[in-house]
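The first chain written gets the first letter, and so on, giving A, B, C and D; residue counts start at 1 in each chain.
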Amino acid sequence: MPKFPKPKAPGLIGGLGVTFKTMLKGAVTVQYPHEREDPPTRARGVIALKEENCTVCMLCARQCPDWCIYIEGHKEKRPPRREGGRERTVSLLDRFDIDYALCMYCGICVEVCPFDALFWSPEYEYSESNIADLLHDKEKLGEWMETVPEPEPLEVGAEGKK
Amino acid sequence: MADDLEREQSGAAEEVSVEQQLARTDESAAAEQARADADEADAPPTDEQAPGEPRPLDDVEQELLARLERELGDGVVESADAFGMLVVRVKPEAWRRAAEVSKHELECDYLSFIAGIDWQPAPREGDEAGGDTSSPVQPTEMTFGVGGSAGRMQVFAHVQSTKHHWGVTLKTDVDEGHPHAESWVATYPGADWHERECWEMFGVAFDGHPSLRHLYLPSEFEGHPLRKDYPLLARVVKPWPGLVDVEAMPGEEDGNGAQPAAAEAQSADAQSADADEEESS
Amino acid sequence: MIELAVNVGWGTILAIKTIVVLAIIPLGAIILGYVFLLKMMAHMQSRLGPMDPGGFHGWFQLIGDGIKFIQKEDVMPAKSDRRIFAIAPAVVVISTFLVFLVLPTGPDLVVSDLDVGVFYALAVSSLSVVGVLMAGWASANKFALLGALRAAAQLIAYELPLLLAVVGVVVMAGTMSLQGIVEQQQNGAIFGWDGIGNPFVFAQIIGCVLFLVAAQAELTQTPFDMPVAESELVAGYMVEYTGFRFLFFFIGEFGTAFAFAGLAATLFLGGWAIPHVTDPGWSNVLGPIVLLTKVMLVAFLMFWVRFTYPRLREDQLQAVAWKFLIPIGLANILITGALKVAF
Amino acid sequence: MSVDFAVDRQAWRHLADAQVNVELDTGDMILNLGPQHPATHGTLRLVVRLDGERVVSADPVIGYMHRGYEKLTEFRTYPQVTTLINRIDWLSSFANEVPFMHGAELLMGIEAPPRAQYIRNILTELSRIATFLLFLGEMGLQVGALTPPFYGFRDREHVLNLIEAATGGRFHPNFNRIGGLKDDLPWGWVNECRNTMKVVFDACNTLEELVAENEIFQGRTRSIGIIPQEVGAGYGVSGSNLRASGVDWDLRRDGKPYLVYPDLDFKVWTHPDGDSYSRYWVRLQETREAARMVVQMLDRIPSGPIMAKVPRIIKVPEGEVWVETENPLGQMAYYVISKGATGPFRVKIRSASFSNVSILPWLLRGVYVPDVITILGSLYFILGDIDR
């Protein structure tokens, strides 16, 4: 028959001790609007877009599992880089929207981007009261470029990224 | 009794934890250790099964198969190995008996799951499916996996032994027109929910199941979602945003700009493949 | 006070006292709620609790909550017994109110010094069970009904240990008047030493613990909070209440906690009395402060337990009462009586 | 003097199959626990038939969170599947990724480099610690203690910070790639992890003192919800729940070798009782054990690359593979059928909670309503893991 296992009663008293000790210690919470926590460098907060680098190759939109990236672009002629060279054709972005209501923050778009146009930023304060407002356009995504941190050094024993 | 055991065990736990907590935190020492271990870690590769090549059954699998064949006789149709796991296909008539044999002769007391397979390739809807060209393209002819199959529908289950730590996957064929199989609930009580799930997802009825009713879906739901011919609506109702939408330059309409979307998509893929070397390393 | 009574007459002073008591209930509820429910619990859980409302450590939080509750729509379930549903919270608060009537906060600061004060206080405090049952039944909700029935069984079971715990004090004091008990403690001496009078907590330590345990059950606080059992019955009999009716329940809950802490302080810690201060004027001024201090001390104990312990099961609760508390209570009375006769 | 909270240990034998209280038929009441109920942490619904406060029969209704992952995987490529299976058991997402990646790697015949295996293993154990710390606190809430869950959340935070620092996601790391990992650890992470393990040991001690050693908690959980070995196995109950019934079976040790578990020195904890308390106790010990394993691995972690050579476009050869791992909640397994395309042909996701919960109708017969909550809490399920 399971009775109280020990004749002494440390469980009840010990529990009171735990809560009392904790009461005397400081709180661990962060008073959010007044003070902020710094997310780690790698935190996947929001996706920022460096528009100059984008060539409208559509890879991100195509690899996105949620179909939440919408891209439109047009082509333009540009003067040649060198004297006497051929005229170049470049693709320019007209529209680059990410629907953060659909986004699963998987980061596949950032990884597949061949021209380093997409970056993760730890920025997290972009909540909206209306779900439709979570569709952010390329201007907004461009603003987040400022919050993209430098990549941090790797741990001892890591091989540098090739 | 239990209390004594517990105290003893937790006492031991305490000791080790203290010891571990005292483990050095000095980083350089750890790094040195790591380097030393790295040399050891260049162990020979494990006995990998070459992809696509059948591997002979190992001793345990032979033993399990022998026991199954002894009890089921010609109920066993085919057997194969899949990465160290025995797959046995049994006749539909022997399905219930297979459970009993597994439980008692194979001592597989643990039911991992029962589920269905629909081997029919999903119809490609192409442009109708929102124009999606990104979803994986499966082969168009019907092929069957390990152990083979007589037709489109199969039910398979995995049972394991908590004592001997071995396991076996059992498969059986299910008639496509009137899909049904024998229920395992009498042998493994846990089969209840799995069979209900299989019934609503694949439409496979289980004879002898106490109450086949919907598990996940609302009771008025129609269709069997996991069958391959059931479309994934989310991919049909919305156009695929991956279609190339680059406005061509004036005067270029007849040239490059007016390529079919899919073709251009492929060209874009190829173009990026060159630039994407770092992915492959 | 005495001059006042001469000038304005008996009726008026009773009215004033009643109004004061009416104000004390929500005030006590707010004090306990803020200090313990919001702040102490938060710190015990490594949190800070509300920090913004009112500027200083969120002191305005509960008052703001109260204002919010009053503004809310008065929702009644469609199938509820509307009249009973409406009255139930008031019944709970009234029972609290009735306890405060006999709780002395100074030599003259008491609404009515009944000769059977202790008996009366315990009797009216159990009236709240009627309100709880009414609430549970009228809500037309299974969770509420279960909660109310649990509450009824529990409150009735724990009346007895509560009473038995008090009997020891009554035997020692030789009176059932709360004022008499306070005076006994003020003027008493522990084995001849009268430095702090004779708070019964020393002689009646068993009774004191019994009283606190039983009071915890009467207040439906953890470990005896099955009637509201948040993780099982959601909120028990309060589940359908919103707005100001819920506010009534809240005030009732913490007001009663205040009252029971006051009773415990009076019975075991000497109440408003300050040893060696016999001047009624000073006692009247300092008494409430002294009592409040003791109340906070007792309340701290009660809430400390509340925020630390898990909850018992219904059958275990009854087992604790009938197999454990009541025999001890009876033994305590026996010993107290024997010692009283012996000395 | 002690109060006897004991319940007949063999009570389940009488209660399980006998109709409760036949002679005193007071009429049954059907109580609907959930889908929005604080104790069902999520959207589990229990239709409970009550006789007084005693449960006559209980019928779990699931599917409120069914997302059809088995269907969705058929429309996605292998890298895209990872982000889905993250969300099956969202408290230990990293552990969900490992078996799927392992299965795909087996089919492709590649193996992740040792450093990647170590990091994977560390993160798997960290997610186990995170899951269990939450459980250890939350179980207090199920029996009515208000404070323990906050301790659980507070101390889990340290572990989540570690996971986030390494992977970038607190809950959904999406850090595994076929053939290795997305990235190496950031600078200083190993030291940080060592310090955190001390916090974890402290947290275990604190919660043991506050919850497990509390007599009221023991009175509420001992002899409650006893799962006998053979019944548990028949229902497919796995993981800590089965080990608490005395079954000495841990896939980390007994299954096909995966990650670096064969190199590690660890103990598989079991408890003979099979009741709610033993489930709590086993998880408490496993949390400590996991922390010890992490410390071991931190000492041994080799240097080197974190990605094997993999083709850029991942096509998995035709084949079938069954990969099972010991996840925090139990046996997590994938039966992956590939037909040589960029995505799987069929994935059977065998999630632990689904089977763990399927025992409820059997287990809940004859218990009291408060014990329903205790049992639900001690089985410890994640709704996403049930419904998938």
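Everything that follows uses one rule, which is that contacts are C-beta pairs under 8 Å (C-beta built on N, C-alpha and C of every residue); 3 or more make two chains touch, one makes a residue touch a chain.
None of these values were measured; they are calculated from a predicted model.
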item	value
Chains touching both subunit B and subunit C	A, D
Contact-richer chain pair (by C-beta pairs counted) among C-D and B-D	B-D
Chain located farthest away, centre of subunit A as origin (C-alpha)	C
By mean Cα position, the chain sitting nearest the middle	D
Chain centre separation in whole Å, for subunit D relative to subunit C (CA means)	44
Averaged-CA centre spacing for the pair subunit D and subunit B, given as whole angstrom	19
Centre-to-centre distance between subunit B and subunit A (centres being mean Cα positions), rounded to whole Å	31
Whole-Å gap separating subunit A and subunit C, where each centre is the average of the chain's CA atoms	53
Residues of subunit C touching at least two other chains	44-47, 307-309
Multi-chain contact residues (two or more partners), subunit D	3-5, 76, 115, 147, 151, 154, 190, 210-211, 214, 216-217, 219, 301-304
Interface hub residues of subunit A, defined as touching at least two other chains	2, 5, 12, 15, 18-19, 22, 28, 63, 111, 156-157, 161
Graph class of chain-chain contacts, one of line, ring, star, complete, other	other
Pairs of chains satisfying the touch condition	A-B, A-C, A-D, B-D, C-D
Subunit A residues touching subunit B - in the complex, by the definition given at the top	2, 5, 56-59, 61-64, 67-77, 89, 91, 94, 111-112, 114-115, 156-157, 161-162
Residues of subunit B touching subunit D in the complex	1-2, 5-6, 9-10, 13, 16-17, 20-21, 23, 25, 27, 30, 33-35, 37-38, 40-43, 45-46, 48-52, 82-85, 87, 109-113, 115, 117-118, 122, 134-139, 143, 145-146, 156, 158, 162-163, 165, 169, 188-190, 192-194, 201, 214-218, 225-226, 228, 230, 232, 235, 273, 276, 279-281
Parts of subunit C lying in touch with subunit A, wherever the complex brings them together	40, 42-48, 51, 304-305, 307-309
Footprint of subunit C on subunit A - complex, ascending	12, 15-16, 18-20, 22-23, 25-29, 31
Subunit D-facing residues of subunit A, complex	1-5, 9-12, 14-15, 17-19, 22, 28, 39-44, 63, 65, 104-108, 111, 120, 152-159, 161
